[in-house]
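In what follows, structures are represented as structure tokens.
Heads up, the next two complexes both have chain A, just with different partners, chain B and then chain C.
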Partner chain A sequence: MAAGSLLDVAPAQLFPEQVTNALGLPGVIGEAVGALIAAFLVGNIMLAFTGVAGPWAKRKITAAFTDRIAVDRIGPFGLLIIPAAAVQLLAKELIIPEGADRPSYDLAPLVLPASAMLGFSVIPMGQLGPLNLQLADPEVGFALTFAFASIASISLVMAGYASNNKYSLLGGLRAVAQNLAYEIPLIVTAMSVVIFTGSLRTSEIVAAQQQALFTVAGVTVPSWFAIVNPFAFGLFVVANLAEIGRNPFDIPEAPTEIVAGYQTEYSSSYFVLFYLGEFLHIFLGGAILTLAFLGGASGPGPASIGFVWFVVKVWAFFLFTQWCRSALPRVRIDQLIEIGWKGMLVLSFANLILTAVLVGVIAS
Partner chain B sequence: MSDWIAIGALAVVGIGIPLGMMGVSALLRPSVPEQGKRTIYESGEVPTGSAHIRFNIQYYMVALLFLVFDIETVLLFPWVVIYRPALEAGIPMARLLAPMLAFVGILTVGLVWAWRNGAVEWMRSPRATRRKTKRNQP
Partner chain C sequence: MSLQNPDGDLDPADEASVVAQRDPDELAELLGDAVIGREEHLNAPGFVIRPDAVQDVLSTLKEAAGYDHLSVVTAQEYENRYESIYHLKKFADPTQEVSVVVPADKEDPVSQSAEPVFRTADWHEREAYDLVGIEYDDHPDLRRILLPETWQGHPMSMDYDKDQPQVVSLREHANPLQADHREDESDTMFINIGPHHPATHGVLHLKTTLDGEQVADVESDIGYLHRSEEQMAQSGTYRHQIMPYPDRWDYISAGLLNEWAYARAAEDLADIDVPEYAQVIRTMGAELCRIAAHMLAVATFALDINGDFTATFMYAINDREQAQSILEDLTGQRMMFNYFRLGGVVWDLPEPREEFFEKTRAFLDQLPGSVEEYHDLLTANEILQMRTIDTGILPPEVAKDYGATGPVVRGSGVDYDLRRDDPYGYYDELDWDVITEDGCDNYSRLLVRLQEVEESAKIIEQCIDLLEDWPEEDRTIQSNVPRTLKPEDDTEIYRAVEGAKGELGVYIRADGTDKPARFKIRSPCFSNLQTLPEMANGEYVPDMVAALGSLDIVLGEVDR
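On to the complex of A and B.
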């Protein structure tokens, strides 16, 4: 895990460059066109994730947890519910509530999915055959993805305030309270990973987790940060659940308390976009977790199937959120503030300092 | 440079896909205006007043604290990045840790103060507080 060995990992060509070179597009304009095509393909991977997760997998998983049968009418395993639901939702009438604050009411459903998609720009999604599915690898990548992800709460406030509905207002304000309480533990815990890597470049964070940590009975355990520092991993998972607003921290929506929170007054394509944005955020949360703690897109087998491992890890996190949804009660908002500011914040700083001391002792 | 072109491209796609969905939906969906359809949902009751009111957000002290800690995290990022390379360059650990500990220590004192003054607690409702004050009066 020396700094020198990190640089030996040759940075493979990123996806936009591969597309540009494969199509032979010249100059800066060619680069931009190639980047657009690559971004469109990556965007569609994410849409496919949410398409499978939203109308189908989520229902199947919840049904399994509650001992029911769900969506099995159309197609094999009920899979054709996905296009059916897409058409149905898009063809619904758009009802705009009286007194809605128009520009903000219309912009909020754009901001949520866009922010989640932007978060994926620096995530190394691994290789699929010769393709290296990572759009960008800037020096500040790791910080950038948190910055993009946290734009989401702005969208929730916009929706909550612009809807002119009391439930929406409460939902939007709850979203802020929650993000205020959990943003700092999330980022400070992420910093403890950066202490190990000494770099914010996402590809280097993944590369730093590839060395063997120890070998048990012939099985080599990689130095994933979830294994190196399980305490930070636990903290990060909890803060991540709160950041993406899932149970037990789903108080911005809280269906049994405030109807549907910020999205009460949204219908038709606007509602779909909120739904899409939320699922994208769950997957983004899973992708950040995979990147920082679960060794990124790596696993047994050749590097060219890394994308498969990435999908497995991200979907494992999705399954975990759905498990929490079925199994855990919701915390109250005052409890949420208390857990965030009195528990998580203190623990995350303790973790940061302890990690720094440990790294220092090991290095010297 | 190409990194930022790619991120910009994803931003275009990230806004384009939702816009496209809005466009498709505008072509597909019906518009059947009816009286009362656009009424605000208030559990089936006739809605009372507007939601654009002055509202006690309960956590403004927490928001102030958040600002302080958020800036702290921003300032800690460079330190975190150089920590390990600096160690490997042979700078003693104490010299690297001391400034960060002092920096976090100052903010910890602030947090303890806020904690003891009840700033990181959900505020009680004015009515409940009034009742309590009344009860405590001799």
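On to the complex of A and C.
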């Protein structure tokens, strides 16, 4: 049902093909080179987000919530803190504990950002001028994003176990318990979106949200799934917060309880990689939310500025996570598991069944 | 223990007699032949008892006469003997005091432990053993508490050699990572929380045994911040050299409250009057300190529950900063005030007075709004309620048994506040309430602190009104106090004030010189911290952290 509308919002060519064609690269090797260049560019966009978010935006946002000023000493608005922080963090000594279990100790900080970066490969980020910023659009794209995002927990367990530190171990165990409790409601809720669209292809999920739902006083409200099914949206946001481990669910790290959880022993570049990975996962969480519930890269104005809307939505989610951090207390691990298994799971299945019934009734 | 049987075996007539004031002779009769002598302390009658009758005497006083609060145990050495003094009070009426003096042999200082009667004696007697060297028979765990296990000698005993090197090789220290903490068969995990840990609010070391995420056992290891405050006070003169030290006990904004503890004891000891005007200034300053201290308690509690990016922390620090700024105007210092003098305060309110009043009023005016905001952010938040209600339970009887005081015991529903029950300063002239909550949990202790802030604001407001209208010619800030104070030989006094954390007391024994012969600090945090295992055992790690946060300890006061 979405195939027709797909053509309205996006050109048929994906970003790697566009790069290949623009550079005139021939054959299979040409395609591979084009794909690599495209992936490199998209990866850098995400890393740039993180670079801005970690040392600067996060500090500014938290400061705004807490009546402070934060970084404003170097550069306009303190922006030069970004290169300064990069130099500072990379220049620190890398300390590896004696009893660390290598190589998993070294791999863990790579797995976390890598899994998030992979997740972005199937996210349709909208158009920027003539460019269509989506790396791949496989038939199971939507399922793939969750698969990639879930690899993160493996990284946390690896870090927690390999550090040979009891706080890290507790953090790793908490990470597993938390992810088990929340991954299932997250995916079951996402399935209700798939019922609406009838496709796992990410571009089609976006396309399905483009029709007008209704018009109020001249303003056309699009059929974003957040508006069509706000209940599922709410569930998804909560589960997503737990998935990315932010307040009130920052239990695997829980400073003031278990120091820094799984990343207690990590320093220098390894620490940066974890930090990077966590931010990438917040952005990936925002991207999935945007894709599934907020109409993807669509918004007022021509389709060619879609990427701007995508960025706005993803950053809005980032802002939301920071708001939660500033305002909400943290739940206890047993309470979290109770909420996950006894509350969210039941609600998400109820949502799934209701959606299926409704869609069935409307279709017939 | 007594929780299951709250005074169950006493009939109503007896209960009345428990609260009633007893004549010292009547008490002596009650104690029978355990009493071998009588002493008169300035605050209470003293009974010298046989060293092997401590438990009998204390349990008689506790059960039959109602002395249910063991404030502190003071240990000291004389030329011919050692002595432990158990300062007893009643929670119902702290003006009824009695001192139980237990002499011990000079060569072999041993006396019976009071631990089976008062749980709080556990730590107090360990401290006495550690610093003075008295051994307590029947004590469950007589180890050093403030000094390292390897310390040589007892530093407050007379023959202690200060020049003796205390160098101990690392190998001889207890190694927290030693192999015996890793039992192969055991299901539990030993974990060191602190001395450097985000949740310990200072250098506190919790030796914790975890069963999964639950606390199977926790033991506090204190003393990292021990600075010999008592010893330092003993080598200073009453008049000027001691007053700066109290600021360093509960060093987080509560300075004036601490100074008052010393001032009250020393003024009563040397019979010094304080002009009424100075009392009003003292009361106002002390309550500003209480607001600042409670704000910090709320702020750090929010850190423990919310995590380290919480906005509440900065909001509370902001409010504390305003109180701090007023205190700076008043005393000239931000934290180490040194503002009280024996017989008054060091100087009058800052000129222009109108500006000071205006600034203080502005602070008081916005305070209810801030407190409302904390209620919105914390107490009204469902997640916080989920976390704090019914966690960290401290039943009133257990709290009393441990000598817990301040917001901790008031959060367990015990109506005990020295400002009202044993009035000093200008408190009895003012209109305010003692806050209690019956929840006995982390939530109640938070509520008590938030409400006490408002009560303190009420007190300050009334003080400001009084000070504003005070006739200029009557503004005496200090009474006439001799340049050198030499209280009479062999007078002893224990006096306490309501500090930010609870009953902060000072015991002084004078020996006719211008320096105290014994200066003992009763730290509320020391006693409060003792209750942690009661609240934490069986709870989850996060709840233990919350319980610790709700105790609001300051290690400077615990370790002294």
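One rule holds for everything that comes next: the second predicted complex is superposed on the first by the 353 of 364 C-alpha atoms of A that agree within 3 Å, B and C clash if a C-alpha of one lies under 4 Å from a C-alpha of the other, contacts with A are read in each partner's own complex, and residues count from 1 in each chain.
Note that in this section a contact is a pair of C-beta atoms (placed from the backbone, for glycine too) under 8 Å apart; a residue touches a chain by one contact, two chains touch by 3 or more.
All of these numbers come straight from a predicted model, not from anything done at the bench.
Q: Just to be sure I read the superposition right, which of the two partners does A:147 touch: chain B = first, chain C = second, or both, or neither?
A: Touch partners of A:147: none, neither chain B nor chain C.
Q: Looking at A:200 after the superposition, I want to know if it touches chain B, chain C, both of them or none. Which is it: first, second, both, neither?
A: After superposing on A, A:200 lies in contact with chain B but is clear of chain C.
Q: Let me test your reading of the model: by the given contact rule, A:43 touches which partner, first (chain B), second (chain C), both or neither?
A: first
Q: Output check: A:66 vs chain B and chain C. Expected answer is one of first, second, both, neither. What do you get?
A: In the superposition, A:66 contacts chain C only.
Q: Let me test your reading of the model: by the given contact rule, A:329 touches which partner, first (chain B), second (chain C), both or neither?
A: second
Q: Does chain B (first) or chain C (second) touch A:361, or do both, or does neither?
A: The answer is first: A:361 touches chain B but not chain C.
Q: Regarding the shared-chain residue A:110, is it in contact with chain B (first), chain C (second), both, or neither?
A: First partner only.
Q: A:221 contacts which: chain B (first), chain C (second), both, neither?
A: So A:221 meets neither chain B nor chain C here.
Q: Answer with first, second, both or neither: which of chain B and chain C does A:135 touch in the superposed model?
A: A:135 contacts chain B only, not chain C.
Q: Is it chain B or chain C that touches the larger share of residues in chain A?
A: The partner making contact with more of chain A's residues is B.
Q: Determine where on chain A the residues touched by chain B overlap those touched by chain C, and list them.
A: Touching chain B in the first complex and chain C in the second, residues 166-167, 259, 333-334 of chain A appear in both lists.
Q: Residue numbers of chain B touching chain A in their complex, please.
A: 2-15, 17-19, 21-22, 24-26, 28-32, 37-43, 50-52, 55, 57-59, 62-63, 65-66, 69-70, 73, 76-77, 80-85, 87-88, 92-93, 96-97, 100-101, 104, 108, 111, 115, 120-122
Q: Looking at the complex, which residues from chain C come into contact with chain A?
A: Touch residues, chain C against chain A: 189, 191, 197-199, 213, 302-311, 313-315, 318, 377-378, 381, 383-384, 386-387, 540-543, 545.
Q: Could you list, by residue number, the parts of chain A that touch chain C in their complex?
A: 62, 65-68, 166-167, 170, 174, 247-248, 250, 254-259, 322, 325-335
Q: In the complex formed with chain B, which residues of chain A make contact?
A: Chain A residues touching chain B: 2-3, 14-17, 28, 31-32, 35-36, 38-40, 42-43, 47, 87, 90-99, 101, 109-110, 113-118, 120-122, 135-138, 143-144, 161, 163-169, 173, 176-177, 180-181, 183-184, 187-188, 191, 194-200, 259, 264-265, 268-270, 272-273, 276, 333-334, 337-338, 341-342, 345-346, 349, 352-353, 356-357, 359-361, 363-364.
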